[in-house]
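Going by the order they are written in, the chains are A, B, C and D; count residues from 1 in each one.
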Amino acid sequence: MNIKKRVWEIVEVAKPGDTVSRAFDIFILAFIIVNVISVIIGSVNQIYDRWGRVLDLFEFVSVVIFTAEYLARLWACTVDPRFSGSVRGRIRFALRPMSIIDLLAILPFYLPFWNVDLRSMRVLRLLRILRIAKAGRYFTSLGLIKDVLYTNKEELILTTAMMGLLLVLSSSILYYCENEAQPEAFASIPHTMWWAIATLTTVGYGDVAPVTGIGRTFASIIAVIGIGMFALPAGILGAGFVEAIQRRKKREDAAQKKEEDEGRGNYCPHCGKRLR
Amino acid sequence: MNIKKRVWEIVEVAKPGDTVSRAFDIFILAFIIVNVISVIIGSVNQIYDRWGRVLDLFEFVSVVIFTAEYLARLWACTVDPRFSGSVRGRIRFALRPMSIIDLLAILPFYLPFWNVDLRSMRVLRLLRILRIAKAGRYFTSLGLIKDVLYTNKEELILTTAMMGLLLVLSSSILYYCENEAQPEAFASIPHTMWWAIATLTTVGYGDVAPVTGIGRTFASIIAVIGIGMFALPAGILGAGFVEAIQRRKKREDAAQKKEEDEGRGNYCPHCGKRLR
Amino acid sequence: MNIKKRVWEIVEVAKPGDTVSRAFDIFILAFIIVNVISVIIGSVNQIYDRWGRVLDLFEFVSVVIFTAEYLARLWACTVDPRFSGSVRGRIRFALRPMSIIDLLAILPFYLPFWNVDLRSMRVLRLLRILRIAKAGRYFTSLGLIKDVLYTNKEELILTTAMMGLLLVLSSSILYYCENEAQPEAFASIPHTMWWAIATLTTVGYGDVAPVTGIGRTFASIIAVIGIGMFALPAGILGAGFVEAIQRRKKREDAAQKKEEDEGRGNYCPHCGKRLR
Amino acid sequence: MNIKKRVWEIVEVAKPGDTVSRAFDIFILAFIIVNVISVIIGSVNQIYDRWGRVLDLFEFVSVVIFTAEYLARLWACTVDPRFSGSVRGRIRFALRPMSIIDLLAILPFYLPFWNVDLRSMRVLRLLRILRIAKAGRYFTSLGLIKDVLYTNKEELILTTAMMGLLLVLSSSILYYCENEAQPEAFASIPHTMWWAIATLTTVGYGDVAPVTGIGRTFASIIAVIGIGMFALPAGILGAGFVEAIQRRKKREDAAQKKEEDEGRGNYCPHCGKRLR
């Protein structure tokens, strides 16, 4: 039981002062980064042709380590009151988003053993990049940014919804304008959405662009509205940051003032007695 | 009369607690969304070739439902004091923007019966996407965003006007610079406006771009001014949101303070003299 | 002298209540807009081929009217104390930026009479679009925007300077990276600047883009810095608008408070005598 | 010793009132600008073919002057207490970033004498553009911008890190989606990053763009997230500027208020009791 508890402390994010747990965190984080780099460079054919064996070996070692980590978590989790109960607790633990990510990050390696079609292997290798999500566990302090996004979530969702509406409308209009002139690029409304996204986000690849006069006129109006739509989230987030910073400062000022008050006292200037 | 009143309550946006009216609102909203999706996927030839009959049947059902909804509104509207009078009131109701949208959303289906040229049918089908605007009735709380846009409307209109001026000037300049080198893409000032819009909004499709030295020099200056122009509405909206949030907070603070004052009074608790 | 004064009042921007002067302002403004539209549509060959005579006639009428306006201003300006002196005052008036614009807007019509090379006529016609600048006289209330731009001019100039520095540096780097692979598009540092502007402003036409690995790596870094550079003016202007709005509101609050003070009085709460 | 001190005062940024030192600063700054222009226009073949000798001579003169400046600094630096000690002090001075830039700006000229491969000369000439960095010494007052960037460095680094994460994820996804359809443009994850950068920064050259349905769907989501990511630094910087301006103003207000308090006192002018 004592060992179990220690294992749990080590695999979880380290508490201040726990050097061993902290070393383990840093090791896993570094290992994740090396894994991601390995997936990235492994996708270059020339590199894979020469170093494929090394990369495959590293992949094997990685899966062993990540599997051991996953099993250690699954074994030790019952120490935590949230996951008490040797079966039910472990199931509850295994269904946490973070645990599912941990599992998905090692699964692609084991599936071939159960007779999975080799064609789908390529897609399965994609899941390896999910190991980058394992790093999320250690990003505990997005602080201000998370705070601002959360406080303004209503406005941001609304802006996204308005962008969705604009996307549907502008795709429909341009489809009807351009379909005859460019039957391939503007083959249907969903096809036209590719153009609409490129325009509303101002990316503008230029692989698809209207050529008719009426199409270009509507596209111009949509592009101008697009930059306005873009200015909205920038404005909302800007105001959100201003507010969050001021709120934080007010809290600090209040704390400081309270301290001062207790030191100097806050007395009625006429009768000299303490106020509040 | 009682039935008429109930019908009016149901077709209008539900008041809190009116479950039947609320259920009707949700049904219509969901129906609108399914209709928009049907228009979108119906524009894909492969899907229409296979499922055309289903989509056409759904279109028929939709028109029946939306027509019934429209007639119910038109019949019951006289209950509302704003539309009293069985003829005049109904005309006034039918001329509201929302009623016109409701009518336009069903009209394309009925027009063919009155011998409309089949060639223009395509354009008429475009109007079906307007059903998305019917959803606007249920978006009653754009709140903050509407507030900010309204308060800063003067500056936003001015910015748009400045962009219009810049559009005319930059199109004229580039037309004179590039017309000889690219007589087709820069055929006239209105043609050049397509390039100018793509540049000022930073979309930059790249289907039209200056090639002469002098044209590129002016285009560079215009592009830099363009991102400045873009920074203006972002700045205005940002400031607008800051102000709106602070105004709202001040109102809340004032309400809270007033409550406190009335409860505790704001006197020195010892000598009883008023403070401040 | 009395007629001169009245002419001056009429040609200048109207004072409140002066209906005749106001009517004149509106007429000239409308006339400028029609002129600009005429220049724009006159650049379309099909339109010019058919309506050329009408447009040329309109151009003739315009020049007559604008010349009369210019001469009226020049004749009447001596009424204004700033331009007193029938020769010196008129020269001082003629050298004002607005007067020079007025002159440039009619000059292209008169130059051909003095044996100007017909080849340069095309360029001269460009000057006609300058008539749009005449409208500037009537935009007296850019208010808030001008205020913000003026207050933050130092930061905005600095940002522009930093962008210039970044432009030179990134053009030099990409020139050395890409010159061998694309000797035409990246022929020299000034040529590469066209690519750099398109990237830093995020317009990205795509007519010129790096193809080498090292070129793309640097281009990526430059593009990311570019959007940061862009965020700076947006941030500065945003803060500027926040400040300007708060300053304005403070002034209004102060004015209101002063009024209240005078009404209710602002007395010492202890001895009851007036304060300040 | 006196001459050494004077030389040091002259080569360093001028103190107010030191006219000679100020003239030296302006001369060096102007000389740097002319040097940068010379490097830029020297890269144009037609100009170099005609004026190559003049540019080479100017380059020779520049190196002589910059070398003299460097040696003067190195000789005189021991006057400054930070660099006391004729050997150690000079080494410490030579290792300052600004001194290294000074050295790098003249080195390319001297290296050929020590038998450097002529092929790499091209790259060495790139270093000449670094002379632009010498100008940094005279930009002492970036003030507000530096202040804002410094205060918000944590959030800005975090945003950059999130952008890096998004870059890796989106490149991996698009690589797996598009690799089969476009084996050259999406040859590997590092190759796909070029597309991802162009999309996330909304530059969108269009030389590489997804063509498959699934690829375009993911690309659309990534583009929308990209403009959100962009709105974050704009928001952070906007809030930062608001805060910095208010902090500065508060300091000024406090200074002014203190002055007023000390001058007039803040007492009731009738009963003499202190007010707040």
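Worth a mention:
Rule of thumb we're sticking to: a residue touches a chain if its C-beta (ideal position, glycine included) is under 8 Å from a C-beta of that chain, and two chains touch if they have at least 3 such contacts.
Being a predicted model, the structure only gives us computed values, none of them experimental.
The chains in contact with chain A as well as with chain B are C, D. Taken together, chain A and chain D share the touching chains B, C.
Two copies of one chain, chain C and chain D, form a contact in which under half of the residue numbers belong to both partners.
Which listed pair repeats A-B comes down to matching contact pairs by residue number; over half match for A-D among A-C, B-D or A-D.
Chain C is reached from chain B by a rotation of 90°, derived from superposing Cα atoms (nearest 5).
Rounded to whole angstrom units, the spacing between the C-alpha centres of chain C and chain D is 30. We define each chain's centre as the mean of its Cα atoms; on that basis chain B and chain D are separated by 43 Å.
For chain A, the set of residues touching two or more other chains reads 198, 202-206, 230, 234-236, 238-240, 242, 270.
If each chain is drawn as a node and touching chains are joined, the picture has every node linked to every other.
Those residues of chain C whose C-beta lies close enough to touch chain A in the complex are 202-206, 234-235, 238, 242, 270. Those residues of chain A that touch chain B in the complex are listed here as 155, 158-159, 165, 168-169, 171-173, 175-176, 187-191, 198-199, 202-206, 209, 216, 219-220, 223-224, 226-228, 230-232, 234-236, 238-240, 242-243, 268, 270-271, 273, 275. In the complex of the two chains, the chain D residues touching chain C come out as 36, 39-41, 43-45, 122-123, 126, 129, 132, 142, 144-145, 148, 160, 163, 193-194, 197-198, 201-207, 230, 233-234, 236-242, 244-246, 268-271, 273, 275.
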